[in-house]
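Shared chain: chain A. Partners: chain B in the first complex, chain C in the second.
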Partner chain A sequence: MTDSESPETDGGVADETAVRLPTRGRDGSALQQVGTVTRLEYALSIRNRWAFALTGLFASLAVLVVALGGQGGVVRSDAVVVSLVELSALLLPLVALVYGYDAIVGNDEAGWLGVLFALPVPRSRVVVGTYVGRLAVFAGAVVAGFGIGGLWLASTGRLTAAYLGLVGAAVLGGGAFLALSLLVSTLAAEKTHALGGTLLLWVWLALVHDLVSVGLIAADVVGPDWLPVFVLANPVTVFRVLALQAVPTVTGGMADVLVGSGLTTPVLVGALVVWIVSPVWLSSRLVARRSV
Partner chain B sequence: MDAAGLERGFVVLVVVLAAALAGVTVAPTSAEAAPTPDAGADLPDDYAFDPVTESGVATVGDQSFDSVQRAVDAADPDETVVLRGRFEERVTVNTSGVTITSAPDAQAVIDGGGEGDVLTINGSNVTVRDLWIRNSGLDTSTNDAGIWVDAPNVTVTDSRVTQITFGIWVDGVDDAHLRNNTIVGREKVIPRSYRGNGIQLWKTEGTLVEKNRITDARDGIYYSWASEVTARGNALWDLRYGVHYMYSDSSRLVNNTAVDNDVGYALMLSEEIAVVNNTAANNTGTSGHGILLKRIDYSTVRGNTIAGNQRGIYSLNSVGNEITDNLLLGNRIGFHLTAGTREERVVGNSFVGNARHVQAVTSDLHVWNDSDGGNYWSDANTADLDDDGVSELRHRPSGLVEKLVRENPAAAVFTNSPAFRALGKAEQTLPVVDAPGIVDYHPLERSPHDWRHHYERDTDD
Partner chain C sequence: MNAIQTTDLTKRYGDVVALDGVSLSVEAGTTFGLLGTNGAGKSTLFRMLVGHLTPDSGNVTVGGRDVTDAGHELREAVGYVPEDAGFPPALTGREVLDYQARIRGVPRAERADRVAAALGTVGLDDAADRRVGGYSNGMNRRLALASALLARPTLLLLDEPTAGLDPLGVAEFHRILERLREEADLTVVITTHVLAEVEALCDDVAVLHQGNLRFSGAVDDLREMGESGDLEPAFRSLIADAEGREPRATPEVQR
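Take a look at the complex of A and B:
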């Protein structure tokens, strides 16, 4: 960077001053205000290298699975998708929750939230903008990371629509996990509480929920008709089902299992959208209770 | 790179990768279907036979007749009736020991005109060779057949039997030899239960059914109260059941091929039978079993290749059977055990690429291994510590989780999840969790079968 290119910096403290604070005040529309916070959050995530760490993580995961899937000589793309989904079902919520847990409470403790809330922008828009900014980084990292694995798969001629479905499901699922961590972050009084809360949430989503669901059905506490409800009640399960529904059951997918359960693609996508929108909306309401 | 550059760089990275991914997807890629094993023989869809139009001449010694019936009546025992050309009549052979055959250079056909049985054999030791019998009656209630065998020691060989209700009916007589015949039923008669059987064996002993080709009938070979019958090297396709046993003890099925039927080998209510080295592939009809064992006791099912069926082996209320050295490949369910099947010995089989290897409806724990080895399971975790080809880790192809899924099929949505993987692992390794089901304490480290060649078609391209 040279001074002539960026006149607003003096070359010494570029990182601080290059970030533009929302200054348009009441004149700006809601969209513009959210957009400004989004750009701000995005820029911060790039600068603290979260974006590249996430991309690297997802890329190494995808590349590893594709490499292992090709060990027998022929890459079995269904097996790659199934393995990647099963690994992502553990890793994706964990990463999203860890990435998002400090979105509100962390900024609060650092004092940054106080700066933002002092601006003439409604708190709810700050929260939404924060979420959208982090979502952009997370979604970008998922697309780029899994994209590298997908391109390698394509170079062997075995890229299928199921893999693209997996990337889409991962973006939506990641958005839902990020929204949940935003909610935890909004509710938590301290950063450590938020971290503990998100980890507990992860244990429930990734491990306990499925066992409890099948346990309830198996013990005849509720009928098998409840199965779709249990699926939709957990964004991790929705993500798994959505990503695996195009894969034949023979190779570990769910194409046949879901027939007649009412869990079609639009229903599953809709469920994830609800899992994104409602925690964010709740956060934007509840943030008013915080004393900054 | 500076901060603004990094911000733009990340956007560019994502956009470029997304565009590349979209680009290679839009470009045609070979969609990979789930590989299906290729175990079927190449069997024709339709038989097209050249019609025979020249008028028929039957010769016995130096006499000639224009009717098979008159020629056969004129023949002495052990004389040969040579046919040439087309006969439209229904024939009854009452003389023992005659041979009826086509002239070496001309295919002879006997057309029954769509009524009753075409050729009835009442004389013992009669031989029918190289004839074409066609167009029997259409009535299953009167058992209209191409060839009605009503005397012992009859041989039917190298012949065609087409457009028939029943093909060859062996009616309570022993020691028939049916060899190298082609039997084609009426494809237009629907449903298949309105057709007759290709070969019907009723109350016969010591009969041999060898190297016949049977299609488009109800059941390929139907046994009722037949015993000590050997069926060897037959090809059976597009039928309801390839082979159907009822109350037929001590019979043998060897080297037969049953493809594209509802059920390959439907074996019912019989004892001490042997089913050895047969192939059952792609039997996926309404019931869809490779080998159905329904109340089959003290029998042997050995060395069969059972691939791509709805269920590989379906064992129902069967006791004390030896099921060994079979290859169960790419079936929806490899081995379905239910309704009180017990005391089975299941050893040396390979379970490979079945959507589910075993479905066991049982309240007992079935042990599927001998002291020196069990079966090969393509999905088993094996650890062979002393290098004897046998794993020291037990394998549970059907246990707690499978039972759950069986009772609530949709629960399969959850059972692939990490939590259930952990539960399954616990069941494999912790002997404390001993739920009813199937266990193999000595799974084989390597498959005793060369199953990979069934997939060669898929890896060639």
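Take a look at the complex of A and C:
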């Protein structure tokens, strides 16, 4: 039944005796439906103050690092970027995973997913819209938060391309971590399972993976030609390498090893895009199996 | 004319048979109750009616269309209130409905009127601009009903619509449903384990027990099966027959 055919009643109920379904579904525009879900998700994050909390966190981090990098009177731009990258490699995935873990399972437990899935919108559009809405909030918080640190650097004339590159890498990396949390949220039956899953994922991605990778190479279990594979296999490592590429001198240690993987900027950016698209695509497929 | 027809519907969860060859029909323009104790298979059957679950065997038709082939059209034309419907607490009632109207593709020019009409029907006009987080359980249930009405449905599917409501909330919900029935020839299907709800609202009823259909017919016919002409003894007798024992009180079902 189309809108024009629907008879008006006070209660908004059609006055037909028989139950009639439209002969062909009025499949709403994918872009319009995804956009509607995206706008709601964005608005909810503003009202729930997630957007302000994330912006405040990233701004505090950037300001703290710039302030410490300026001790002694001169702000050392490269040191600021390297320090911010190393801290972000721990914090960005943690914050993104915690922000995104309840995207699907949380709405399910709250009873909202059941309402949404009863609407004439494919489930995949709900998933994609939810992701894009949260990505917009996260990316905005990264740009605004790190932007404040950038403004401070610019005020001393020491804003570098490396710092701007870091902001771009953080947006892409955050998108990848958020996509992974969406996948965990889609797979989890309960919120607590999703939280546990995302924290385990963080431990692997941020703490264990690089140690294992470099350890395997150092112990000659695999050759050094495996280093690029290990880098691409972890979005946190891809983010670190991408963000550090524009810094002329890195401080040594693990970061030096990883930057020496020889991967180019387009390859690294492409890898993060794959890390964004794959989990979102998988989530949009797997959500069809979710029981609500 | 049948609004809903299920044929030999079977669903298993591992070794548990949730529905075992259930065939029933719901006549258009009636209020139909799906009655049963907890675990009887009511919710499983209901989730199949809205296409959220696929049967292992058998089929479901709504409005003459197989549910598995017409899921999208079904969601366009049928109003469905899930048992545990919830809404983002930061949104107002009006925003919740406006959002759903946008998803449904309701044209901008008529969106506000359609939302206002649905809110008015369930008596939430005064609370429309309050955040849902501050709503009572009863108001939440009425908002869920308003969500279903946005579809301008000819079929309303209500899963335990008064679960958890106080007596005043239940009475208010019943009044709204009766008014809806008076305004339009609506087919309503309700799952419930409250006998009084069946008595108050339903023309026909199906009794499910452990996945099997024990009775399907007019409420009056079920009532006449009991010794005193009440629903409760008739219901108890059906359950006892199914379990091969003497009738006794069934605490899961409320009078």
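Quick note on the criterion: the second predicted complex is superposed on the first by the 252 of 292 C-alpha atoms of A that agree within 3 Å, B and C clash if a C-alpha of one lies under 4 Å from a C-alpha of the other, contacts with A are read in each partner's own complex, and residues count from 1 in each chain.
What we mean here is this: contacts are C-beta pairs under 8 Å (C-beta built on N, C-alpha and C of every residue); 3 or more make two chains touch, one makes a residue touch a chain.
Keep in mind the model is a prediction, meaning the values are calculated, not measured.
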item: Touching partner for A:112 - first (chain B), second (chain C), both, neither; value: second
item: Between chain B and chain C, more extensive residue contact with chain A; value: B
item: Touching partner for A:291 - first (chain B), second (chain C), both, neither; value: second
item: Partner chain in contact with A:120 - chain B first, chain C second, else both or neither; value: second
item: Which of chain B and chain C A:36 touches, first, second, both or neither; value: second
item: Partner chain in contact with A:47 - chain B first, chain C second, else both or neither; value: both
item: Overlap of chain C and chain B interfaces on chain A (superposed complexes); value: 1, 6, 14-15, 18, 47
item: Sites on chain A touched by chain C in the complex; value: 1, 3, 6, 9-29, 32-33, 36-37, 40, 44, 47-48, 110-112, 114-122, 291-292
item: Chain A-facing residues of chain C, complex; value: 1, 3-4, 28-29, 50, 52-53, 62-65, 70, 72-78, 80, 82, 84-88, 90-91, 99-100, 102-107, 110, 114, 117-118, 120-121, 144, 147, 149-150, 152-155, 179-180, 183-187
item: Interfacial residue positions of chain A with respect to chain B in the complex; value: 1, 6, 14-15, 18, 42-43, 46-47, 51-52, 55, 73-74, 76-78, 86, 89-90, 137, 140, 143-144, 147-148, 150-151, 154, 157-161, 164, 167, 206-208, 210-211, 213-214, 217-218, 224, 227, 230-231, 237, 240-241, 244, 248-252, 254, 257-258, 261, 263
item: Contact set on chain B toward chain A in their complex; value: 2-7, 10-11, 13-14, 17-18, 20-21, 24-25, 29-34, 330, 332, 353, 355, 404, 407-423, 459
